[in-house]
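For reference, the structures are reproduced in the following blocks.
Two complexes come next, and they have one chain in common, chain A, joined by chain B in the first and chain C in the second.
Up next is the complex of A and B:
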């Protein structure tokens, strides 16, 4: 008990006064293995360079379509999987962060011994993959997860008492009668009670199961909880109950949330700040009101336009997006959204794959293609079975029917016998840039690269 | 009692002909604990060319209602415990015929209707498509089943019997060998071409780019949105009179959902097909429906034109449900949740099913089934407040005013 109280004291202060989780360039690449020897032939870039900061007492919303990496990021932060690149830091102070960023900016070989020592010290105290002993235990206690599907995240063969009491037992917080009392008070804090102690998960409704999950997450009085789509399996009326409960708990216990969801209405309601993810990257981040009222990225705009809202004008038509999410093993160059973007510009990162996709979807000209020789994503030679089809492709690529945003990015198209040489103007990757205090976006229409247009 | 009143509501407001009329439909499931009254006296009409939204929470019986249209409720454990579903197909109506009761007609008549006059789009396109068949072959089945006459057209009126049987997918082993031999081979190929034309046209209808290419693909090669388009193409292939869409966009992302929704709406308007659109998402239903029926625990709580229901919801359940959707007006932590849970439907006693969670419930609510009443033009409700306000101590006009933005 004393340790819990000590922690609560240590936690006093105002909302947002210090970071709880700091992410610097976090990457999670899953290897794709093929062949008899299971050779690694590529990587699915589920999370590809995400930097975020979650400050004490706030709720950071994370939105995006399925497959954009939001759940993987949540799993990295909660320590369920280790990121393959970058770092996740727990309770990294602003001073240390500045120092760390300074060190990371200098290439490895040029770092001074003092810098290395400092970095080592910071990492052993804050980097979650390098924590040991008490620091590791403190992180585990203070970072809990509530999963989407409460049925598959609760052990069907354990009683509620054991499920909710397990964290307390593992951390040797309580045992025997005291444990039972602690579990009862946890259950009471989520609107359940003593009568539920000796039941199995299958005896509860979806909403109650989610309450049990939340009680388990609260058992060690954590500072930070990752909520991974906590209400998307629930009905509207029950969802409202759970959302109210989550807010109440946050207010009473000073919790910090990472709220992952694909439901914009829910995220808007629950979050102070929102980060929008697309294909493993954060494309826009800002305060909830700012992001919803003045979105600065076409992807955010598209999400908002597609979201049916009960309060919107009925005459306002919902609009969807063309095409599908590209393969995260081979993400597009430049801005990753440019393949589906309704306002794409010539500098958004047009590449050979875009030309090939366009040719295969809009025409039948690629049926005779035999090989692609790729020098880079911007420069390739397409080989055809006969001269005629090569010429037809060359014509199609120079005709006026090429998408207007792609055409100016095409540096050269030349037909050489049965081969077509395609070269696009290379563009650098897009960077997140602050367009207003606290509002960052990577869209070239809003950042300093606007001048290139 | 309930049923006649409910049917009355829609019939009086109707100026258009009906496509289907559900009357007092009851579907029960036999379980060890007793009979589960999954659908318990449901009545509503679907008018020609309209989109009726059926909205409700998990387990309220909306999917079972929809499946009973095509007699897809597994029996046992399902029991069609009463009521009927009258269906007027465009053919019988043109011939001046009356309706057929979908629950009692013979199996071969049902085969003729299923996929032809009534078609269905399912929730999870990944599960509804056969993973072992290419898209082209999968869609071809619809045409072989229902449009074999059209497939034989290029061969003229006197096509060989073997080809006829092939187009009806009735060929035996020997016939299949014969079809590969010279005299019949070219004729069979013509039928095959005709099928492919039909399939390609059906796919093109759903705005799938390059349909001929898609036909050789297998379901796992397509994205979720694409699969749902294929299912829509399959459902609309025979130009059905009634399309049942059972949560067609629940498994899809919001940006894809918007496109599928617009596609369904566009096709519906172009072909004047009637649609029964089932969803748990109020905002989606408002987007697509002409009329809305709200279901709760196996019964219709309220039915009316979309505008009326969303502007002035009558039933306390509808009001609570709408208030529970997060909106920009809500403050964090102040969502109007509906306390409690949906009641068990095992051998229920006569009562309003919502009385355990209703803020206005009184004694009568737990003892008597509410009657379905016509409240306003084309707007009906099953609630004691509108029937016996004295018993509850609250009159309908004393309910707090309610407004969600409408047309």
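Up next is the complex of A and C:
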């Protein structure tokens, strides 16, 4: 019991005074294997260079469409899967963070022995994939998860008492009658009780199962909980109850949340700060009020517009996003959102794929295409079956019907017999930039690259 | 909080884990017994087991080895109803009733040993492949594929033939052939069960891989194995009898397949009893376990299990 008290003592202080989780350039790439020999032919970049900080006592909302990598990121943070690049640090102090970023900015070979030593020390104490012994146990106790699907997150063959008491048993905190009492008080803290101890998960409703999941997550008195769409599988009325419960628990226990959801309304209700993810990257991040009132990224705006509002005029058509999410194995150049962006500019990263997509949607000229020789995403040769088709494509690409944002980005189009040479102006990837205190975005309309326009 | 507490069916609150588990066992039993076909199978099995257990009481055990048919050279080819030989005798003076009764013992030994060995090996191999995955899975499953490429009966026949005719070699041959099926089943189940979020949440609370396997993965993967094992209790006796019939067992053994083989010469001349009674026993044995296996599948299959 002393350890629990020590933890809560340690936890006194004001909200946000120190980081609980620090993510630096986190990547999770899943290999795509093909053929008999299962050769790796590419990678699905589920999470592609995400840096975030979650500070004590706050709720960071993580939103995005399905498939944007938000759940994968949650799984990395909670230690279920290891990231393939970058680092996730637990309780990294601001001083250590500054030192670490300094070291990471130095190329590996140029680092001094002191720097290496410092880095090693920081990693062994804070990098979640490098933790061992007591440090690892502390991380494991303090970082818990509540999953979306309460049907599959409870073992159907275990009784509630065993499910909720299991963390206590593993960490040797309680056994026998004491364990039962601890489980009862955990159940009571989520609005359930002693009468539920000896039941199987299938005997409960969805909302009750989610409460059991929460009780299990609370068992070790953690500091931080990843809430992976905890309410999206529930009825609306039950949703509100669970959200209220989570709120109360946060207030009473000083919990820190990472709240993952695709439901902006719920995220707004729960979060202090919000990070918006698109195709494996964070595109905008800011306080909840800032983000909702002054979004600085067209993707966020589109999400807000697509969120049906009960107060809104019924006759007003909901503006949704057009097109589909691009393939995360081959994400677009520049700003990844430019393929669907309603306000895209010439410097957003136009590339050969965009031209090909446009041609295939707007014309039928690609039917005669036989091959694509790609020197880079900005520079390629399209080969056609006959000279006529090539000429037609060349004409189409220089005609006025080309999307106005794409046209200026087209450096050159030249027709050579049955081949068409397409060259776009190369642009660097977009970077997150602070546009207001605590509000970052990667959209070129708002960052310093605005000047290039 | 409206969604809290109200159980869907009113059952008195349970007071302990044991009570709940016993009650669950009771529910499953009642559910199983609700199917009349399963009950028929169970009755046959119980009678067969009783017969096997009571064999020394029902007949006078042959000395020195009761599993050898006693030979009464004074009563060859006697029809059923002959005093002292209620089910008649074979051409070699073997008492058909003795063979039928002690044959149930032989069959019980055969099926229990083979099932126990194959389920154990299959579960271990399948668990390693499914739970560890990767290269281990790749290698083990290719081995399994090789075994599966050969028809069961022919494979068992070949092994038994190579090892030489004896009853223990039949057991060995069947064990070699049958484990692959279980490895396949348990591997598939584990790969499926492993993806459940309760496995992830066990990792998040810091449990070890081995305990996750024992507490979360195996208990949720084992039911199809139990169903298959029940069915195989019947199938193995069938295949075992086939091997015995073609002479891969010991001559004169009190075993149904051997007995059928011994009596087959008489069928064309009207002496039907020596083959028919043991044949009927093989049929009933296989049928009973299949009926129970089917019933168990309906009750235990997670897909039909009430949520």
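By our rule, the second predicted complex is superposed on the first by the 447 of 453 C-alpha atoms of A that agree within 3 Å, B and C clash if a C-alpha of one lies under 4 Å from a C-alpha of the other, contacts with A are read in each partner's own complex, and residues count from 1 in each chain.
Heads up, the rule we're going with is that a contact is a pair of C-beta atoms (placed from the backbone, for glycine too) under 8 Å apart; a residue touches a chain by one contact, two chains touch by 3 or more.
Keep in mind that what you see is a predicted model, and the values were worked out from it rather than measured.
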item	value
Chain B versus chain C as contact partner of A:383, first or second or both or neither	neither
Which superposed partner A:207 touches (first chain B, second chain C, both, neither)	both
Partner chain in contact with A:251 - chain B first, chain C second, else both or neither	first
Contacts of A:174 with chain B and chain C, given as first, second, both or neither	neither
Partner chain in contact with A:361 - chain B first, chain C second, else both or neither	first
Which of chain B and chain C A:237 touches, first, second, both or neither	both
Interface residues of chain A shared between complexes with chain B and chain C	205, 207-208, 237-238, 241
Chain B-touching residues of chain A, taken from the complex the two chains share	65-66, 205-208, 235-241, 243-244, 247-248, 251, 262, 264-266, 268-270, 302-303, 305-315, 317-321, 324-325, 360-362, 364
For the chain C and chain A complex, residues of the former touching the latter	1-5, 7-8, 13-17, 19-20, 24, 196-198, 200-207, 211, 215-216, 219-220, 302, 306-307
Contacting residues of chain A [partner chain C, same complex]	75, 78-80, 137, 140-141, 143-145, 147, 149, 151-159, 161-162, 166-167, 170-171, 191-193, 195-200, 202-203, 205, 207-208, 211, 213, 216, 219-220, 237-238, 241
Footprint of chain A on chain B - complex, ascending	57-58, 209-210, 213, 223, 225-226, 253-262, 280-284, 286-287, 307, 310, 320-322, 324-330, 332-339, 341-342, 404-407
